[in-house]
Amino acid sequence: MSWFSRLTGSKKPDIPSDLWKKCPNCGEVLINKDLPRNLFLCSKCDHHLRMPIWDRIALLTDDNSFVEFDSDMESQDPLNFIDSAAYPDRIKKAVESTDSFEAVTVGEARLEGREIMLGVMNFDFMGGSMGSVVGEKLTRLMERAIERRMPTVIVSASGGARMQEGIYSLMQMAKTSQAVALLNEAGLPYVSLLTDPTTGGVSASFAMLGDVHIAEPEALIGFAGPRVIEQTIRQKLPEGFQRSDFLLSHGHIDMVIHRRQLKPTLSKLFSLLL
Amino acid sequence: MSWFSRLTGSKKPDIPSDLWKKCPNCGEVLINKDLPRNLFLCSKCDHHLRMPIWDRIALLTDDNSFVEFDSDMESQDPLNFIDSAAYPDRIKKAVESTDSFEAVTVGEARLEGREIMLGVMNFDFMGGSMGSVVGEKLTRLMERAIERRMPTVIVSASGGARMQEGIYSLMQMAKTSQAVALLNEAGLPYVSLLTDPTTGGVSASFAMLGDVHIAEPEALIGFAGPRVIEQTIRQKLPEGFQRSDFLLSHGHIDMVIHRRQLKPTLSKLFSLLL
Amino acid sequence: MSQEFEFEKPIIELEKRLSDLRSLSEEGNIDLSREISAIAEKIEAMKSDIFHSLEPWQVAQVARHLDRPSTLDYVKLLCGDSFVELKGDRLFADDPAMICGFGRFGSIATAIIGHQKGHDTEENIYRNFGMPHPEGYRKSRRVMHLAEKFRKPIIVFIDTPGAFPGIGAEERGQSEAIARSIMEMSRMRVPILCFIIGEGGSGGALAVGIGDRVYMLEHAIYSVISAEGCAAILWKDGAKARDAAAALKFRSTDLLEAGIIDAILPEPLGGAHRNAEFVANAIGDIIQKELPSLMALPADLLLKKRYEKFRAMGKFKLEQDSEHA
Amino acid sequence: MSQEFEFEKPIIELEKRLSDLRSLSEEGNIDLSREISAIAEKIEAMKSDIFHSLEPWQVAQVARHLDRPSTLDYVKLLCGDSFVELKGDRLFADDPAMICGFGRFGSIATAIIGHQKGHDTEENIYRNFGMPHPEGYRKSRRVMHLAEKFRKPIIVFIDTPGAFPGIGAEERGQSEAIARSIMEMSRMRVPILCFIIGEGGSGGALAVGIGDRVYMLEHAIYSVISAEGCAAILWKDGAKARDAAAALKFRSTDLLEAGIIDAILPEPLGGAHRNAEFVANAIGDIIQKELPSLMALPADLLLKKRYEKFRAMGKFKLEQDSEHA
């Protein structure tokens, strides 16, 4: 349910240097400066590494067409939450290290000429956890899509709810899910693009409510994190459990699409549904 | 899919004499003339034997309140169907042995004072198979329920489609199912009461579309008959497969109710839903 | 050809002789054009004789031919690269025996639903021989609702021996899945065209068969039960399938006469698999011709007509009058 | 009592003494009434002290008390024999961790939805400790749609540690089940009253928590994560659950202040399990009082207000202005 359990539960690459990192799948040494050009794909095994949000936006939209909304929206600390660090300090650190104010970036853009509403979550910002700002920005995005009668694409990457905002965090599931209901009533397409990892409160709200669900290969997608499940049922999880192909065969996603094919696939889809 | 496979697939009681039959569950000898008084329940093990339609109607409705509709509707032989016997001869035999013109009897009645539309299928009439008449009578029943804004109860007992009417028989699934859609749009309650056996085209149409599904204990309910499944998958079927409790645990019916409790349960339900 | 029918043998022998003659003519550089064209003519005549007088049991063989074009074959021919497949029922599994998605027929984007058989054993095992589980019908229901949301018509290809009879299918409610599919399809507020392209097997076919128009390929069949199943039950002898086939009246001509289908699409001599493009073009033409007027109807009227279409199916009589249709 | 809390021990000791004195008085026929009433008073005072100053971690213990009245306990007390349970999701299974049905509160018939825990180990195993699988949420969704069809309000009892985390639950789409339940509940065209009666555990609670009014028992909790889970993750020490409990602000008073719930229903001293009727009456009163006005609202307005209620939840700030709620 929580973003942090995912952080610790996921495959950790060896400590990356400033210059290179190892592919978490095959161990290949990948030069950091080459990654953007390669769309953060492993040059050896094609593994889909996590993609920074601005690279993701560039991948999905026409050049310079993205216009950001609500970039100045910031978290509060409604619970005065302190664990080993105070919540405001955690946010500050996340803002500094990611250059974003929050775990989602939203805006409008063109995709092969077509105007879309686009939200992209940032796993590097506190595990992509959904607090009030993430919920509010995505809700506004969908409400704008209805006003302007445009399709919506949301790229998920999240460990779930942001515990530090307590109940407010939980309520973002309600807020975003009911906004999807309005998209449905307006007859507007919403494509949920699930990337590694999408779990907890994000997967249990807007991310699983798309008209079409597209996943990147080998993404971890599920409700509970694998570690929580293992602890609960006290048995080892099967190979491939909660990965994209598992969800495909269990009927929860429509397709698993290579990163290079995402933009043309979205374009084709919208040309059919609009 | 077909009524006959069910006939041969079901537990056959020993050949009954005119005076008595054996309980198909426990083997107890049951005196025929006592059966109506006992609601066709085994006096030893409470097994629910198949119940003749007029006893069923008496069980579910207030005294003398049942008024039959369309009692004069008869089958045709649109395919001039002949196997070992000609279809008209089979019908004639069924009419003679059951004293009904067809495999369903429909009408209006009162149930603890409340006006309802009631359809009761007759397994003794060619295995309760659904041909044009069954489809037409049930469709008219539901259309009347809409006109008069009354709840509907249909008691199913059928091996499925009536092969001798070919494609016309299949189309009764469409006809009755779309009539249920109209009941839904009218906001009128429809309770499907599933009795032993309900399979094939009847279970795959109106019988599985109730707002509430009630089954009698140990009734066989399913799409394919057990024999067809065994032949297809070439393995023995598990104990209790396709029986009421199996359907209850698999989420397909709301409750398994003793015959004596049916009328009060229906009454209670309608008092809540109307 | 991967599959030969008994009744096709004379044709196949002649075709072999024709092919031999052609080789001979080329290799030996001999002019055999007179002989070749004579045999070619004879083949056409024989095909015409045979395929214009197929008996029902033989039609069933053609309808089930391994090479017979499947849903995906027609989708490829008609929609080309525009087709996007959508998978999964969002509940339990994806069912490869049912294909769903969106595609473009000429200028019209539609939802596409269809049973999917394989052309060889491996493919057939993957596709479960075109026999869906409940998840197949729940997937197609989901995609039909998408079509409704986006106001796109629905094109359905019907080609199944029937819904799968198995333990898992019963556990997960095969009956409910079929029944609900029929019911909700009857109320989809967008036009629906159904094409019975091969086997229309019982409830498993009807589950996606509630169309505003229902078309049938010449050698397709649509039946309440398979000939084999019917023979086993009523004749108590599976070998009487030929008799049962005749009795069940499941050919396109029977069904047109019975008012169950709206039109028959002719097949090339020898069956659809001899020229899939020919059949695809006929399907494409129907879609182009019929959809615009259906799309122009107000949804309430569309639904009313669809209801009345299926409402009228059945044959019975009442004592007071002589006959009802 | 089947379960004792550390913080209740002084009370329980006094209660034991009181009971001993009473026996002694009866058996020995001695007049100990003065001593007895003194102790009884002391007990009440101590209860009041303790239960009016419970810390969050202690409240969580009360909320999870094995004897704490469950959904079915309240349904029995409030609806009596009028309750009819409806089972099954029509897809895969019936989930005993979720109770659904229709019943009558006074003169008002409603749908009833609720997580169901057990009062002992055997019952808890059957009820999966009140942790639903996807089929639980699909069942409640089905029954809510019935309520909508019949224009009956929906009463929800929330009491779950959370949705079950397991292999089957993931296979069958726990995420989708919760998400769709939230989404469809937000658009049900009938009034919905939710009562958090025990544990409101995360998404598994919220899944049925989209009410026009949300009420909470005094010692119930409603939290994005359990104190234990939060401690394990943020403090990296499950034993810090007490600290996490304080930090998460999951008590009824916290949530009322935060605008997440509409009102708090007081519990008897010592918790709801000390007097289930008292709590049931309070719930019944709320239902009788609130439903008629909600039922009088046009459905579109009801939905608009429900949307706005949840739309407003969250705390953030924008650079240009100082603060938003």
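We just call them A, B, C and D in the order they show up, numbering each chain from 1.
Throughout what follows, a residue touches a chain if its C-beta (ideal position, glycine included) is under 8 Å from a C-beta of that chain, and two chains touch if they have at least 3 such contacts.
The structure presented is a predicted model; accordingly, all values stated were derived computationally and were not measured.
Participant: From chain A, how many touching-chain steps at minimum until you land on chain B?
Facilitator: 2
Participant: Tell me, please, which chain's centre (mean of its C-alpha atoms) is farthest from the centre of chain C?
Facilitator: Taking each chain's C-alpha mean as its centre, the farthest from chain C is D.
Participant: Could you state the distance in Å from the CA-based centre of chain B to that of chain D?
Facilitator: Chain centres of chain B and chain D, defined by C-alpha means, are spaced 42 Å apart.
Participant: Could you state the distance in Å from the CA-based centre of chain A to that of chain D?
Facilitator: Chain A and chain D have C-alpha centres separated by 32 Å.
Participant: Let me have the rounded angstrom distance from the C-alpha centre of chain C over to the C-alpha centre of chain D, please.
Facilitator: Taking the average C-alpha coordinate of chain C and of chain D, the gap between them is 54 Å.
Participant: Two or more other chains in contact with one residue: find those residues in chain C.
Facilitator: Residues 90-92, 171-173, 176.
Participant: Among the residues of chain A, which are close enough to touch at least two other chains?
Facilitator: Within chain A, residues 250-252 contact more than one other chain.
Participant: Which of line, ring, star, complete or other matches the graph of chains that touch?
Facilitator: Graph shape, chains as nodes and touching pairs as edges: none of the named types, so other.
Participant: Mind pulling up the chain C residues that touch chain D in the complex?
Facilitator: Within the complex, chain C contacts chain D at residues 90-92, 134, 138, 171-173, 176.
Participant: In the complex, go through chain A and note every residue touching chain C.
Facilitator: Residues 184, 187, 189, 211-213, 248-255, 265, 268-269, 271-274.
Participant: Under the definition above, what is the set of chain B residues touching chain C in their complex?
Facilitator: Those in contact with chain C are residues 1-2, 4-5, 70, 72-76, 78-79, 81-84, 131-133, 135-136, 139, 161, 163-175, 177-178, 180-182, 185, 200-201, 203-209, 221-224, 228-229, 232-233, 237-238, 241-242, 250-252.
Participant: Using the touch rule from the top, collect the residues of chain C that touch chain A in their complex.
Facilitator: So the residues of chain C in touch with chain A come to 82, 84-95, 102-104, 109, 135, 139, 146, 149-152.
Participant: Along chain C, where are the residues that touch chain B in the complex?
Facilitator: 162-167, 169-176, 178-180, 182-184, 186-187, 202-203, 206-207, 209-210, 222-225, 229-230, 233-236, 243-244, 247-250, 254-255, 258, 260, 306-307, 310-311, 313-320, 323-324
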